[in-house]
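In what follows, chain A forms one complex with chain B and a second complex with chain C.
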Partner chain A sequence: MLEYLTFGLVLQLLVNGILFGTMYGIAAIGLSLIYGTMRIIFLAHGAIIVFFAYICYWLFTLLHIDPYLSLILVIPASLLLGSGFYAGLFKEAAALEDKNISLLIAVGLMYLVEQLMLVVWKANPRSISTIYTAIVFRPLGINIPFTRLIALVMAVLSAFGVLFFLKKTLIGTAVRAASEDMESATLMGINPHWVNVVAFAIGIGLGGIAGVGLATVYSFDPGYGFIFAIKALIALAFGGMGNVFGALLGGILLGLLESLSSFFIGAGWADAITYGVFLLVLTFRPQGLFGGST
Partner chain B sequence: MKDKSSIILAVLVLMAFVAIPFLIDVDTSYIGFFLFLSFCYIIISQGWNLVAGYTGQISLCQNAFFGLGAYTTALIWLHDITKTGYYFDPVVMAISGLVPVILAILIGLPLLSRLRGDYFALGTLGVQFIIQVVFLKGGDFTRGADGLHLPSTVFTSMKPYYWAGLFLALFATAVIYFITRSRIGLALRAIMEDEISAAAHGIHVLKYKIFAFAVGAFLAGISGSLFAYYLFHINPDSVLNLNWLFYPILICVLGGNGTIVGPIIGSFFITALFSLGIVYMAQTHPIVSGVLIILVMKFMPTGLIGLKDKILSRG
Partner chain C sequence: MENHLLEMKGADVFYGDAQAVWDVSLYVDEGTIVALLGANGAGKTTLLKTISGIIHPKKGEILFSKRSLAHLRPQEVVDIGISHVPEGRRLFSQLTVLDNLRLGAYPPRARSRFAQSLERAYSLFPVLEARTGQKAGSLSGGEQQMLAIARALMAHPDLLMLDEPSLGLSPIFVRTIFELIKTLNNQKVTILLVEQNIHQALKIAHQAYVLKTGKITMNGSGDELLANQEIQKAYIGERWRNT
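Our next item is the complex of A and B:
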């Protein structure tokens, strides 16, 4: 295998990893916001992302709406769904000391969404092919598919968008304050429910963007969500819980790790390597690879 | 007085279960399989109950222990390692319980000493995936995705399964009962309430956590072994399935986490619900279970056991 190894091939592997990883990155930012304010591990995130991928698929096949154009519909819908989830499911549980309850509600939601998708869309994998799916850029002999490049741009833009929102707006500042210390934030007059709704809405909103990205780039099936959520959690752990930019970098790191280990060691073992690194990071740097010591 | 009546009740229920094979033909009736499956769930759920309900550590790798127990039984049987070679060997079942204990101690030492709360849950979830990959890629030893085929011709009757299941479910419940009523149980509860204060009172937190984790792994392994004798075809898809992780959690939480009776009620309830679901609405029943988890967690976070207290306090 090593005799085929050229500079171009390594570069291609790295680029693939980065393009792959940004998808995990946006999912991880959403998880990070939800975890930051409510300390909920939202395991259903992957299922929600796949759900939006299916919505995008339906909009494309039934109504012939361009996948990227469908973002105009998907983003508001996902923001609404996110606030709905909080108000309907997690409002009481988020205030409780016992976090198992919200974890289990998330598991129940994951089951529900996954099985609903199985009933509605069946188990066979779907994918969207538009006129630009086949477009591939070839700078320096590396293949960069157009859709993946757009997914990367979407991820980076939404990461900056969220960062801008958190740093520059009043409600964003409140979200950050609540992530650091909910009790003191409440004492300063911040309404915890309001902050939680915003965090949940944006988290699911990012899930919607990730769903559109997923729909245009890969083929997906209802069972893919859980794996995706786990990958996003790993990216989150790499970046450090509650660190927005760290989550994106963590996603990219995870993508690189997967792309390199599946080439050099074998696709089946790549997962074991990823989880192994994940365990090592959790054990020795629980604050994440990019964060300072907190 | 209260203790006496609950002991009498427990004995009566047990006698009813002992009587069932004499009254109903467990071989032809669905009830035989239903009770056997419930017993398997009781064993694995009591293990999770001790780890999460009494010690407060959310372990998300019980399916790895379950699968490891099933694979241990299958491998010992196929290679005839213990030289006993007969069906339902208690020695093999004990070994199938002990192998997951070794894994529990090996992963418990680094994970339980360094990780708390959510991080521990995530870490164990990672472990569970690694075990899945290891069994999937185990080469000739585990035969990958196809798995191991056991000689299914030895199956003659459901009766031995019923008795073994009943005995082991009783054993698991007794183990948890006596652990939680002892000094160890007190220490575990103290760790769950407040780890730092427990440590300040001279409890060796790590030692007790690993103990609880290992007992949970032991029970999961035994449950896996029992199920392997019934299944005869052991592959990652059947015994390392995530259902073996989520169902025990659902059972404990639904029945009442951190109580002795909770997992028992939960097991019968969930198995009955899923059996009905499979018979009457084959494809949609996981939707019902998803909705059910959400509803139970939202409206009665203390489980079915808590429901009794609620009704009593109202009356």
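Our next item is the complex of A and C:
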């Protein structure tokens, strides 16, 4: 196999890894925000992302709305849904000492959304095919599909948008403060429900963007959500819990790991290796690989 | 009837099933420094947490400017003029000095006065201005305590509650903190002070309460308690006798 190994091929593997990885990264940023203030792993995140992929699919097939154009509907809808989830499901549980209750609600929500998607959209995979789905750029002999490039751009822009919000606005600063010490934040006059709502809204908002990215790039089915949530969780662990920029980098690292290991060791091994590295990181670098935090 | 700024009447406070405070009554008059003394676990921190709304009393009443605090949440208490500098400072260590101060001015009552409050904070603590962009966690212990107090002052409190502000600081910083408390008091900030540095606390306090296992066992003016034999034996000890 190694005689086929050229510079161009390695470059292609790296590019594939990065293109895949930013999708994990953007999902991981959502998990990171929710974990920050709520102290739970929002396991339903993957199912929500797939749900928005189906919404994008429906808007395209039924109403002929371009997937990228659908963002102007999907983003507000997902922000609203995120706030709704918090107000309807998590608000009471968030005040409890035992975070397992919130975690169980997230698990229940994950399966509920998954089952509802099975009822509405059935189990067979769906994908979106537009006029630009087949467009592939070939700089330096590497294949870069147009839709994956756009997904990358969306992920990077969202990550910087969230970072800007967290660093430059007062409410964003309040979210960071609450992520570090909720009780001390309330002594500053910060309402815990308000920062939780903001974290949920933005987290699910990113899920909406990721859903559109997913729908344009891959085929998906209702069961894909759980795998996606686990991948995002791994990206989160790589980047360090609660570190927004680290989450994006962690996603890219995960994408690279999958791309390289499935080529060099074998596709069957890629996931096993990923989970092995996940455990190693949690055991020896529980603070994440990139140090510091945001 | 006198007009106390803060008045607690017959408060019982529980942590879960365990009672931490028994039938405590105390008051703080406007413009004074009141010290809350006692051994570890006597309930001093619990009392401050009860006033700031982190815990709610099971029985009894807390009035601030005649308004009941018993059902207010911490974010509401700070907005009516009570700032609480918790034990261990509880700064946002990953945030910059400036961001910590910005959050100090988060309550609606303080937001519009931010620029003016920041100026006051920097003139009280010039060292913080020099460190404005640094992460709070990178400051020294004494600087962190100054930041914690400066952050609380950003909310323009009428009552400032300080929980063990001198804990873990070098003697020079301890002196600085006590001088600062007097300075703030001269600027019309009423102070409720929890301290283990009992001698120094009594020297600046107008009024003091001694707590023992959740009950008030003694109260009086700072000078009265300073002269009290029992206090001297129990808390101050030999080395302070002649200072």
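Keep in mind that, in the parts below, the second predicted complex is superposed on the first by the 292 of 294 C-alpha atoms of A that agree within 3 Å, B and C clash if a C-alpha of one lies under 4 Å from a C-alpha of the other, contacts with A are read in each partner's own complex, and residues count from 1 in each chain.
Operating definition for what follows: a contact is a pair of C-beta atoms (placed from the backbone, for glycine too) under 8 Å apart; a residue touches a chain by one contact, two chains touch by 3 or more.
Computed from a predicted structure; not experimentally measured.
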- Message: Following the superposition defined at the top, how do chain B and chain C come out on chain A, clash or fit?
- Response: fit
- Message: Contact-wise, after the overlay, does A:T173 reach chain B, chain C, both or neither (first, second, both, neither)?
- Response: second
- What is the contact status of A:G8 with respect to chain B (first) and chain C (second): first, second, both, or neither? neither
- Partner contacting more residues of chain A (chain B vs chain C): B
- Which partner does A:E183 contact after superposing on A: first (chain B), second (chain C), both, neither? second
- Quick one: classify A:L233 as touching chain B (first), chain C (second), both or neither. first
- Task: Check the residue A:P76 against both partner chains and state whether it touches chain B (first), chain C (second), both, or neither.
- Result: neither
- For A:V107, decide between first (touching chain B), second (touching chain C), both and neither. first
- Check whether A:P286 is in contact with chain B, with chain C, with both or with neither, and answer first, second, both or neither. first
- Query: chain B to chain C: minimum CA distance in the overlay, Å?
  - Reply: 13
- chain A positions within both the chain B interface and the chain C interface are none
- Query: Which positions of chain B touch chain A when the two form their complex?
  - Reply: 52, 58, 110-111, 114-115, 117-119, 121-123, 125-127, 129-130, 133-134, 136-137, 242, 246, 249-250, 253, 257, 283-284, 286-287, 289-294, 297-298, 301
- Message: Show me the residue ranges of chain C that touch chain A in the complex, using the header's touch definition.
- Response: 52, 54, 73-75, 78-79, 83-84, 86, 90-95, 99, 102-104, 106-108, 110, 151, 155
- Listed in rising order, chain A residues that touch chain B in their complex are 39, 41, 89, 92-93, 96, 98-101, 103-105, 107-116, 118-119, 226, 230, 233-234, 237, 268-269, 271-272, 275-276, 278-279, 282-284, 286
- Note on the structure: Within their complex, chain A touches chain C through residues 170, 173-174, 176-177, 180-181, 183-192, 293-294
